[in-house]
Amino acid sequence: MIRFEPDRSQYPQPGDDGKLEIDLETGKYLKLWHGPNHPGITGNMSVELTLCGDEVVEGKVHVGYLHRGFEKLMERRTFIQVFPIVCRVCVPEPDFNEWCYAQAVEELAGIEAPEMAQWTRTLILEMGRFNSYMMAMGGIGGALGMGVIGQWMTYVRDLMLDRFEEMTGARIYHMFILPGGVRGHLPEGFAGRMEEVLATAERYLADVDKAMFTNAVFKARTKGVGVIDPALFEPYGVTGPNARAGGVAKDLRKDAPYLVYDQLDFEVVTETASDIWARAMVRRRDIDVSIALIRQILAKMPKDGPVMAKLPNVLHWKIPRGETYVAGESSRGEYGYYLVTDGSGYPRRVNVRGPSYTHAMALLEHLIPGTNIADVAALMVSLHTYPPEIER
Amino acid sequence: MMRDLHDHLKTRYRLGDLAERRANLAFVDVARADLRALLVELRDVHGFTHLSLLTAVDWIEEGRFQLTYLMNNRTANRSLGLRVFLDRADPVGDTIHDLWPTAATYQRELREMFGIAFPGSPRVDEEFILEGWTDMPPYRRDFDTLAYSQQTFSDREGRETHDPRAHMAKKLNPEGQR
Amino acid sequence: MGNLRDVLSPFTAWKHLIETPVTIRNPIGREAADGYRGFHQNDIEKCIGCGSCEVICQNAAIDMVPVSAPVDGDSGLRPKIDYGRCCWCALCVDVCMTGSLTMSNEYTWVDADPDAFRFIPGVDPKPWDDMEKGYRREGARVLTGAERVEMGELPPEARIDNFDEIVVGYTREQAMIEADRCVECGLCVATCPAHMDIPDYIAAIREGDYDLGLQILYETNPFSEVCGRVCTHKCETACAARHEGDPIAIRWLKRHIVDNVSEDRRLEIVGTPQALPTGRKVAIVGAGPAGLTAAYDLARQGHAVTVYEAQDKPGGMMRYGIPEYRLPYDALDRDIAVIAAQGVTIKTGVRIGREIAMDKLRGEFDAVVLSIGLHIGRSTRIPGTEGPGVEAAIDLLARITAGEEVPVPERVVVIGGGNVAMDIARSMARLQKRKHGAVGVTVTALEDFAHFLADREEIEESFDEGIEIVDARGPQEVVRYKSGKRKGAVKGLRTWAVTSIFDGQGRFAPQYDQGDERLHPADMVVEAIGQAADVSILGEDLTEALEWTRGRLAVDPAGRSSEPWLWAAGDAVHGPDVITAVADGHRVAASVGAMLMAMGEVAR
Amino acid sequence: MSFEWVQIAYAALTVFIVINYGLIMTAVVQKIGARVGGRYGIPVWQNYIDLVKNIALRSKISHGVMFYLGPVFRLTGGIGLLLFVPTIYGSVMHQNFAFAGDLILALYFVFFGTLGMALGAGESGHPHAAIGVSRGLAQVTAAELPLALAVFAISLQYQTLSITEIVAAQQGGLFNWTLFTNPIATLAAMFALVGTMMRAPFDVVVAPQEIPIGPPTEYHSAYLALMQTNRVLFPVAKTVIYMNLFFGGASNWGEFAVKVFAIYMVSVLVGVVHPRFRVEQSIRFFLKWGLPVGILAILVV
C-alpha cells in the first residue's frame, strides 16, 4: 500500500533560537490565512498557517478581531451595570458569565441568593451547556463537511432557545442571572414543554449517533487525528471535555460542587483516546448527562419561593475591598471570573478566565504543526473554542 | 487546610498573611524573588499543578501592579492566589513559560494590556489583541476609555438629556430662590 | 460486521426526507414569547420622569426629554430611548420607580431611517404601545429598597400619660439603610417649599459625613431640628419611591443628621456671619419660623436684626402650637441657639402694638418684617359655641405649653380633622390619662378617612392612644344641658353625616344626610378648624394704608407689602406650616437684603 | 454520419434544454438535501436568480488572461462533453455531434474543464486556489481511473467506441442495460461518479471549512456566472454519459429527465450523509476500492 507519510526532512528546521526558519522565497512553503472570516474557524479568529504541500508546518493564532475590552468596560460600570455586558463575552454559552459574575459579586458583598434562584441558575447553566454542545456537535459535523448534522443540531438548539426565550425573555443574551438571584420564576407549564424539547433532542441525537458516530468516513477523519498527549494537559491548562477525552475524570460540577450540583446524580464522562473522535464523543455523551440533569432539576427544584435576595440600592452599591475567583465547569472547561473590588461602587478589576484562552492559543499552536490542512478545522472545532473568551 | 499549607510554606518563603476567601480559596502576598521557587514547590510537592489564570490588577493609587497567579490543586480542588507586587513605574515580571507553556499567552497579554515586561517569554512583544496600538497600555487605570472614545468617535447628533432636579428647578423656580 | 454497519448506518439520515421541515419560512411577524424583551412601552400617565432608567442604563441609551410641564412629583420629563445603543437588558424596567416602563414582545421592525429608532415610548405612538405581552418585572422592584425602615416609637402605654417625645430617631444602621433607598432623582427638591437639597444630604448620610449633611441642611433651612420632627414633608409625597413602596423617610433622615452633630459642632460648622456689618437695621415682628429664618439670613448678610416676640419664649407656633411629645422644646431651643449665635437680638415678651407701636419700628429700623403667625382660633359658629366649655384648640395648646392650668374634663369632643385637631386631641388625652386615668377624646371630622387632612401617622398614633375618631361628621350644634344641676354646661356635640364637602365648582359647601344624626357626649368641645392672624397690632392708620386681599395682607411674591418698608412672611400671609414659613423667611430676607443693599449703594 | 448546419441549431437547443433542466434539477436536489437537514431549502428558481445577478455584475479586478479563460474552459468542457454525446437516443435533433469515436472524446472533455480551471485558478494567485487545484487534480485523477477502466471494459464488451452504438446495444429491455450485462463495470463507474460530483465524501477540494472555496476562490461576477452555468450543465452532461453507457440511454426527454435525476441522486444519496475524506484518503479509497473493481471489470469481459 502506498504510504502518505510526509518527508519531515523537507520541513523547516528550528534555528538556533528555536524558531522555525521559514523562507517563503524558496517556494516550498505557502502562507495561508485560516480566518478570520472563514467557515472553518470557530468564531472570529485566524490561524496563520505555513504549509508545505497540504501539510501544516506552523500555525500562529491571531486574535483581536472581537476585542471590545469588556474587562475594561466593566471597570467603568457599577456593579449592576456590569450585569448586562458579561453575557456578551461568550455567545454560545453566555449564562456562565452571568453566573460567575453574580456569584463573585455575591461573595464579596456577602449576599446569598435564595434556594429557588440556585436551582434556576443550575437549570439555566445546564440548558446553556446543552446549547453549547449542540453547536459543538453541529460544528464537528460541519467542519468535516457533514452539514446535515449542523442543521439538525441548530434545530434542536433552537427549540432550547425557545425555552430560554419564554423563561428569560431573550434567546441568546438571556441576562437572567442577576447578582442576588434570578429575574423570575419559570413560566406555567415550562417543565412539560421542556420535556418535549428533550424528547426531540434525544430523537435527533439518536440520528446523529447513526449518521455521524457510526460512519466509516467520520471515523476515518477523526480517530487517531489531533491527539493531545495527556502529559500536556496541565502545562497547557487543558480542562473540561478536552481533558476528559484524555481520561482525566475532572469535572468541577463533581469535584468542587457549586450551586446545587451536590444534590444531583450524574457521572463524569470520560474517553481515553484524546483524539478528535474522543473529544466529540465526550461531548456527545455529556449531552445525555445534561439532558438527564435538566430532567432531574425540573423534578427536584422547589415549586415556589423567592428568587431574589435583598439587594442594597443598586444605584449606589458599594462593595468592600476584596478579591475572589469563581469558577465552574462550562461546556468547554473551567470558566471563571476573578473579581477584585476596592470599596468603591465599581469593580477594580474583572478578569475572565475562559477555557478557550489556553485551548485556542498555546495548545492549538502546539498541536497544529504536522497536521493536514484538511484537519485544521476539525482540530479546532474539536477543541471547542470561542474567541471572545480569549480577548474579552 | 490552606492554613496548614501557609504555615508550612511561610517558614521558607516571604509570604504575607493568608487571606481566606472560601474554604478552598485563599490569597497570599509573595515576594517577587520567592515566586519562582514557590511555584515550583507548589506544583511539584503540593499538587498545585494547574495554572487557572495569571492576570494583573492596577493599584494606581499605591503605585504598583499586582500580579495574581491563581494556582489550583485539581485533586484537592483548592486554589491559592499568589499576589506579587511590581513597581508601577518600571513593571517587570518574571516569565514562567517554562513551567507552564500556556503562561506565555498570559504574559503576552499583560505586556500589551498593562505594559508589564516579561523578559524571555516567547513572542512576548508580538501584538496579541491590539493592532497598531500607539496609546498607553489600555488596561491601566489611567487609560480613560470614555475620553478615548470621545476623541476617536463622534457622538450621535441630537442627543440631549435633562436632569429632573435641574430641569424642575429651571421650570418651577427660575430665579433660583430658596 | 462493524465496518459494514459504519457504511450503511449513515444512510438512515435520509428518513428525514419525508418529515415536514422544521424551519420557519418567514421570520418576520413571528410572535415572541410572552415575556420577551422587545421595544419599550411607557405608561405616560404613571411615569414621573424620575430618570432612574437613565441612571441605570449602562449604554447611555436613554435621554430624559421634556414632554409636559413639571408639577409636584413629576418632572415632566420622559425617557427617550436610542435603540442604536439599547442592549435590551431591561434594567430600566426593573429599576422603574413607578412600574410605568415595560417592554412589549415586539422585536421586528424595519425602517430605513436610523432616527426612527430613537423615540419616546408612550409619547411617539407605536404599534406595540398597547400590547399586553412582553417583559414585565416579576413582582415589586427589587433593585432599590421598597420598604421604609420602621421608625422606633414609644409604645402607646408608655407615652399616653406624658409629653415625652414619641419618635426615637434612627440609629446609624437604620439611617444608612433608609438613605440607601434614595435614587437621587431630586423630584422632592422642587416640591419642598424651601427647596432643600434633599438628595445631597441623604447622600451625606450614606457617606457617613454628618458634618457635610448639616452644612447642606443649613444652606436652605435653619430649622432642621424642628423640620426633622414636625415637617409636613411634602417632599415625601413627591418621592419617587412612594409609587411602588414607601417614600423615603426624608424627615427622619434630616433629623438623623442633626441628631448626630452636637450643638457645639453645629455652631462650629455653621459659624457666625462672614459678611462685614452693614450698619443696616431690621426689625422682625414674631419669632416664629418665618421671622427667625429671615433673621438668620439677614444677620448672615451683616445686618443688625432685632426680633420682637410677644410670648415669653421664641419659637412662635413651633413652640406654642405643636405639643411637646412631637417637638421637644430643647430641640427647638437648639435651632434657635444657632440663629441667636448669628448675632440676632430676640426680645421676648414684647407685644408690638401694645408695648411698641409699629410706627416706632418704622422710624428706628430700615425695614420691618411682619411674621406674626396665626394665633386666633377660628370658630364653627354653630349654635352653642358661645359660652363655657367650648375652647379653641390653638388657645389650649398655647396654654399647655405655657404651663397654665387647662380644663381637663373626662369627655372631650374635638371638631376638625387636621393636624391641629390631632395635636389637641392627643394632648387632651395625655392630660386626661394623668388626671382621670382614662382617655375620653372623640375627634369628629368633616372628611372621610380617605381624604383626611391630618397625617396618616397622626391618625394611627391617635388610635393607638385610644382616641376615637369619627369621620365624615358635620357639626351642627353644641348641645348644652337645658336644666338640672349642670344647666348650661356642655352635654355633647350633635353631628350629621357628611355626604359631600365640595360642590360642583369645588367650593366649600358641605351636604349632610340629616337622617344620620348623632350626639357625641362631651363635657368640653374643642374647635380645631383653622386659625387667623391677629392683625390688630398694625394699628388703624397702617391698616388703612395697607392693601388687603380677602382679609389677608396683600404682598408681592417676595413678601413686600404695599408699604415699601414693610414685609410680611409666614403663616399670616402664606400659611400653613413650618417649612413654608422657612421658605417665606428666606424669600423675604432676600428681598429685604436686596433693598438694603440698594440703599447702601445709594448712600455711597 | 454527415454534418449538416441545422445540427448546430439542434445542438444549441439541446444545450438550452439541458441548462434549464440542470438549473431546476440542481435546485430540486438542493431542496432534497435541505429536507434531510429539516429545512425547506431554496426556492426552485433560486439558481436563475443567482445566475442573472452574477451575469449583471462587472468586475474591475484583473488577474490575467488565463484567469478569465478559466471559466470559459470549464464551460467549454461542459458543453463539449454534452455536444459530443448523443443526448436523446434516436432523436435527430438531439443526436448532437456524436460520432464513432465520441467515447474517447467524451473522456477527454471530462478532464478538459478541470485542467482549464486549474490553469485559470492558478493564475489568480490566491493560495486557496493553488492548494485547491493541486488537490483537485490529484483527486479527480484518482477518481476518474475507475471510470476509464469501466469504459475500457464496456468498449471491449460492445466492441465499439461510439456511444450511440453502445446505447443501441442496450435497447430492447431493462436487462439489456450494461447495469445488468456488466454490473462490475457499472459499479466501477459509479465510484467515479460519486467521486467526481463534488459531493461529500469527495469534495475536500472545495471544502469551505479549509480553503474556501478552493479553485474558484477569486471568481466573481460574470465569471462566476459562467462557472455556475457549467456547474449545472456539467454534472448533467456527465450523467448523460453514465446514462448512455450503463443505463440504456434515453429515447425522449421524459426518460432523460428521470434517468439523469436518478443517476445524479446516487451521488447525492451518499453525499448528504457523509463527511468528507482528506485528499489522500480519497485517493487511497479509489485505489483500494475503485481501481480493483475497474480492473476486475476488464478481466471479466
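Per-chain numbering from 1; labels A, B, C and D assigned in written order.
Everything below uses one rule, namely that contacts are C-beta pairs under 8 Å (C-beta built on N, C-alpha and C of every residue); 3 or more make two chains touch, one makes a residue touch a chain.
Note that the structure is predicted; figures quoted are calculated from it, not measured.
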| item | value |
| --- | --- |
| Pair of chains joined by more contacts [C-beta pairs], B-C or C-D | B-C |
| Core chain by centroid distance, with centroids computed from Cα atoms only | A |
| Mean-CA-position distance for chain D and chain B (Å) | 60 |
| Centroid spacing, where centroids are CA-atom means, of chain C and chain D in whole angstrom | 89 |
| Averaged-CA centre spacing for the pair chain C and chain B, given as whole angstrom | 50 |
| Rounded Å distance, chain A centre to chain D centre (Cα mean) | 42 |
| Touching two or more other chains - residues of chain A | 148, 152, 155, 211-212, 215, 217-218 |
| Per-residue multi-chain contacts in chain B, two or more chains | none |
| For chain D, residues that touch 2 or more chains besides their own | 34, 36-39, 272-274 |
| Chain C to chain A touching residues, read off their complex | 3, 5-7, 9-10, 12-13, 15-16, 22-23, 32-37, 52, 55-56, 58-59, 87-91, 94-95, 103, 135, 138, 142-145, 180-184, 203, 206 |
| In the complex with chain C, residue positions of chain B that touch it | 156, 158-169, 171-173, 177-178 |
| Residues on chain D engaged by chain A in the complex (per definition of touch) | 33-34, 36-39, 127-128, 130-131, 134-135, 200-201, 203-204, 207-212, 272-281, 284, 287-288 |
| Contact footprint of chain D on chain A as seen in their complex | 1-2, 4, 30-32, 34, 38-40, 51, 54, 141-148, 150-152, 155, 211-212, 215, 217-218, 220-221, 372-378 |
| Chain D-touching residues of chain C, taken from the complex the two chains share | 10-11, 13-14, 16-19, 21-23, 25 |
